[in-house]
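These are the structures in question, set out in turn.
Two complexes follow with subunit A in common, the first pairing it with subunit B and the second with subunit C.
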Partner chain A sequence: MATDNVILELRNVDAGYGEIEVLRNVSLRVEHGQIVTVIGANGAGKTTLLRTIFGLVKPSRGQILYEGADITGLPTLELLKRGIAFIPGGRSNFPQMTVQENLEMGAYIRKDKRQVMKDIDRLCERFEILRMKRHTPVGNLSGGQQQMVEFAIALMLKPKVLLIDEPTIGLAPLLVDEVFRVIEEINASGTTIVLVEQNARRALEASDYGFVLELGSIRYQGNAEQLKQSEEVYRAYLGER
Partner chain B sequence: MPIEVVIFIEHIINGLTLGAFYALITLGLSLIFGVARLVNFAHGDIFMVGGYTLFLLLNLSGITLPYPLIVVLVVVVTALVGLLIERVVIHPILNRSWRVQAVATLGISIVLQNLALILFTSDPKQTPTIYSRQIIEIMDIRISVQRLIILVAVIFIFLALQWFVKHTQTGKAMRAVSQNREMCQIVGIDVPRIAMITFAISSGLAGLAAALMSPLFSVMPTMGSLLTLKALAAVILGGLGQVNGAFFAAFLLGLVEALFSGYVSYAYRDVVSFGLFVLILFVRPQGLFGRRVGL
Partner chain C sequence: MKRGVQIVLWLLVAGFLVILPQLATTNYLVNVMITTVMWIIFALSFDLSAGHVGAVSLGHPVFYGVGAYVTALVAPSLGLDFIGSLLLSAFAMGLLALVSGIAFFRISEVSFAIGTLGALIIAQLLANNAYDITGGPMCTQNVPRPVLHIPGSGPVTVVEPVHYYYLLLPLLGLAILIYWRLTQSRIGRAFAAVRQDEVRASAMGIYPKRYKLLAFIAGAAIIGALGSFQAQYITVVCPSELTISYTLNLLIIVFVGGAGSMRGVILGAVLFSLLPRLLEIVTDVPPAWQQLIYGLILLIVIRFLPEGLDSLIERALQRLRGTRTEAKPDAA
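Take a look at the complex of A and B:
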């Protein structure tokens, strides 16, 4: 990888919760404009990796660099302002607020409220489901629809890097394709994506590059094609050929 | 009109006033619970601080302030007291266990009550206003103007609060915090700041209740303790976290108390309201307006 094109980099990062260390000596680089997937078994530390990048978990060792600047230990609010956004797994919205209000909360830190309203209009044009359910409480929407709202919440800040945790968990196969279509579309408009996904095969198909996390450390990495071809990765994470 | 009907209507009006008063206290308690996930056992004592503030403002030597101005001043003072308490005591324990929070807010309650005891002694203080003795009579029904003011003010405050949480950035953030605190961090909503604002608002509401209601009673250091428990009962009855539910449960409590003390026994009214509370929880553990959580 060329160094000059790297937007996000982790150098020898250890992180965890209190005494429990989850990530051990993780180093990785994400290039500008790519979709990068992190795969691994349950408990390998995939979610912790995203939370560490987003400042929700403080690393006990190592460095995190973003656009060439050291962001290790910076508060989440600062990272949001600099262009990193996070879509957590599970239901991450405000269930009793309408789609419109959820999007407004996504833009909470923005000061240009008039432009926010225009951006919401634009997102509603882009995603039909948002337009149809604009004034419905998000909790009344289906799982797939809620996932779309969660994407849209993150897009309100026009992030340069979007961290996405398990976006297809619990969704029907047809919706899984829809979610990946949206991820590719967001990427095509210039956002770098770091994706954690249990559906490893599908995720690698959409990605440029992949990392395999095992017991909190990077075990393999490579182009998505290389990973799919690797015998070991295949057996462990992608099932029988 | 037959005297029985007149008495009945008077009891209903008394009940509605009492309910409106409970509702004002309950709104604040419920807001704090919703936003900070914390039961503020000192909420009634902030009401008591409002009562003494009213007493002091009514007895300023030399000047007589107009009552509406006094009400505003009491609200401002209690909101500031709430803000101070939040900064000093609540803020450091926002993310601690409910045990720590219960002990801390009970501590505030004890400190405030004893401060009042030192400053004002345990003698009840009267805080009459020009409205508390004014009576209007419609078709033999006699209502004190003070009670009417309470009813109107509470309905106005309720509508204003509804507007606030639906249409302002801060109000929406308060709802967001009560629905998904983790997600607030992710979109950059400053949860401690929202909790602080909520504390100030709800303390101000307790102050408003004191400024409007104490002219009908008297002001004492312990006037808030039982009130905290009654408001808590209304919060639980309404369904935890359901601000509107708590508001209506407070009215229900007021009506039941007024009718019972009017027709049966004044001395046993607290037994009845807490008895009703236990009974309703027995039938509907999720509260009157709450939703079942879990399976």
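Take a look at the complex of A and C:
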């Protein structure tokens, strides 16, 4: 991997909650414009990895670099301003607020109110569901529709790197395809994506590169194609051939 | 609602509250009014954190009782007047909320409720047993009454309930203003975000702890000032100001009225204060039965109107306007 094209890098990162260490000596590089997937069993530390990059969990050792600068230990607000956004797993929206209000919340830290409204209009053009349900409380939408809103909330800050935690959990198979279509579209418009997914097969199909996390350490990594070919990865995470 | 209409409505309410005591024929009725206004302030300050950031502090009366003790024990030695005492208690309780909040907000919702309840019980034990300082069950007595300096005449000591009522009204106005400013603004949006999804809120640069602390501190300062008023009104501060029954009453008021809604909370407080008086007049219900009736009302409201009486008003208003009915939940 060429260093100059790396947008996000972890160097020997240890992180966890109090006494419990979850990540051990994790090093990884994400290139500009890629979709990168992190797969692994439950409890391997996938979510913790995203939370650590986003500053919600402070590393006890190691370094996190973004656009060549050390961002280890920076508060989430600062990371948001620099262009890193995070979509938490599960339903993560404000159910009693309308779609419009959820999008406004996405731009909470922005000061340019008029431009925010324009951006909301633009997102509503881009995603039909937002346009149709713009003034409906998000809690009244279906799971798939809510997931679209959750993407859109994160896009309000025009992130350069988008961290997505388990976007398809609990969704019907048809909707899973729709979610991946949107992820690819977001990526095509220039946003680098780090994805944590339990649907490893589908995620690798959409990705350029993949990491396999096992017990808090990176066990394998490689091009998505390579990982899919790998016997071991296949048996452990993708099911029987 | 249009802004002009809103302002006129508020002015009408304010005018009504100012004229009200003139209609009262006895001090008893004025006392009922004072109690009602006090419950409104109490409930609004409680709802700031319970209804808006979802942090139900069962120990909320701590700030009321300790605020009263601060005015009774500290303010006289500093030579503070009525307003000075109010400010001292408000400031002290805001500070106490900041310090205790940093600790309490480390624990999650349910533990937070129980933790703050523990603080209330400890505070009452302290008040009861720190005999040398608080007078224990004998109470702290002879709290100075407010002295007003009216130009043209000498200092006047406030004794009449109706005068206390007029001293209390500005505090109500201030409580409403703070509540309104905090909840109907950018900050209010952040409150709602924190309540509805803490993780997502923090993913958007809204630090949940900060906003929880803000609501907690503001509520504590308001209720600290009310405790100070109470001390100067009754002139006695007892450990019973730290009773858990205040907590129960707050829960009834806020959840029957409608948590997170100023209209609902005020409605709840007014009903709660006036209902027992009505029961007295109509049927002579013994006080012990009143608690039972409250309990029943609370059960019924939670079962059939989980969002409180305010949701009834909201629905009625929407029907009146006709046009803006909420979209039906999507079947897809």
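Basically, the second predicted complex is superposed on the first by the 241 of 241 C-alpha atoms of A that agree within 3 Å, B and C clash if a C-alpha of one lies under 4 Å from a C-alpha of the other, contacts with A are read in each partner's own complex, and residues count from 1 in each chain.
Here is the rule we use: contacts are C-beta pairs under 8 Å (C-beta built on N, C-alpha and C of every residue); 3 or more make two chains touch, one makes a residue touch a chain.
Values in this document were obtained by computation on a predicted structure and should not be read as measured data.
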Return fit or clash for subunit B versus subunit C, each positioned on subunit A through the superposition. clash
Please work out whether A:140 is in contact with subunit B alone, subunit C alone, both, or neither, and reply first, second, both or neither. second
More residues of subunit A are touched by which partner: subunit B or subunit C? C
With both complexes superposed on chain A, which partner does A:77 reach: first (subunit B), second (subunit C), both or neither? both
In the overlay, answer first, second, both or neither for which of subunit B and subunit C A:223 touches. neither
Going by the contact rule set out at the top, does A:60 touch subunit B (first), subunit C (second), both, or neither? neither
Both subunit B and subunit C touch subunit A at residues 54, 56, 76-77, 80-81, 86, 88, 92-97, 101, 104-106, 108-109, 153
Quick one: in the complex, what on subunit A touches subunit B? 54, 56, 76-77, 80-81, 86, 88, 92-97, 101, 104-106, 108-109, 113, 153
In the complex, subunit A touches subunit C at residues 54, 56, 76-77, 80-81, 85-88, 91-97, 101, 104-106, 108-109, 133, 135-137, 140-142, 145, 150, 153-154, 157
With touch defined as at the start, can you tell me which subunit C residues reach subunit A in the complex? 186, 189-190, 192-193, 196-197, 199-207, 326-330, 332
Contact residues on subunit B for subunit A in the complex? 169, 172-173, 175-176, 179-180, 182-190
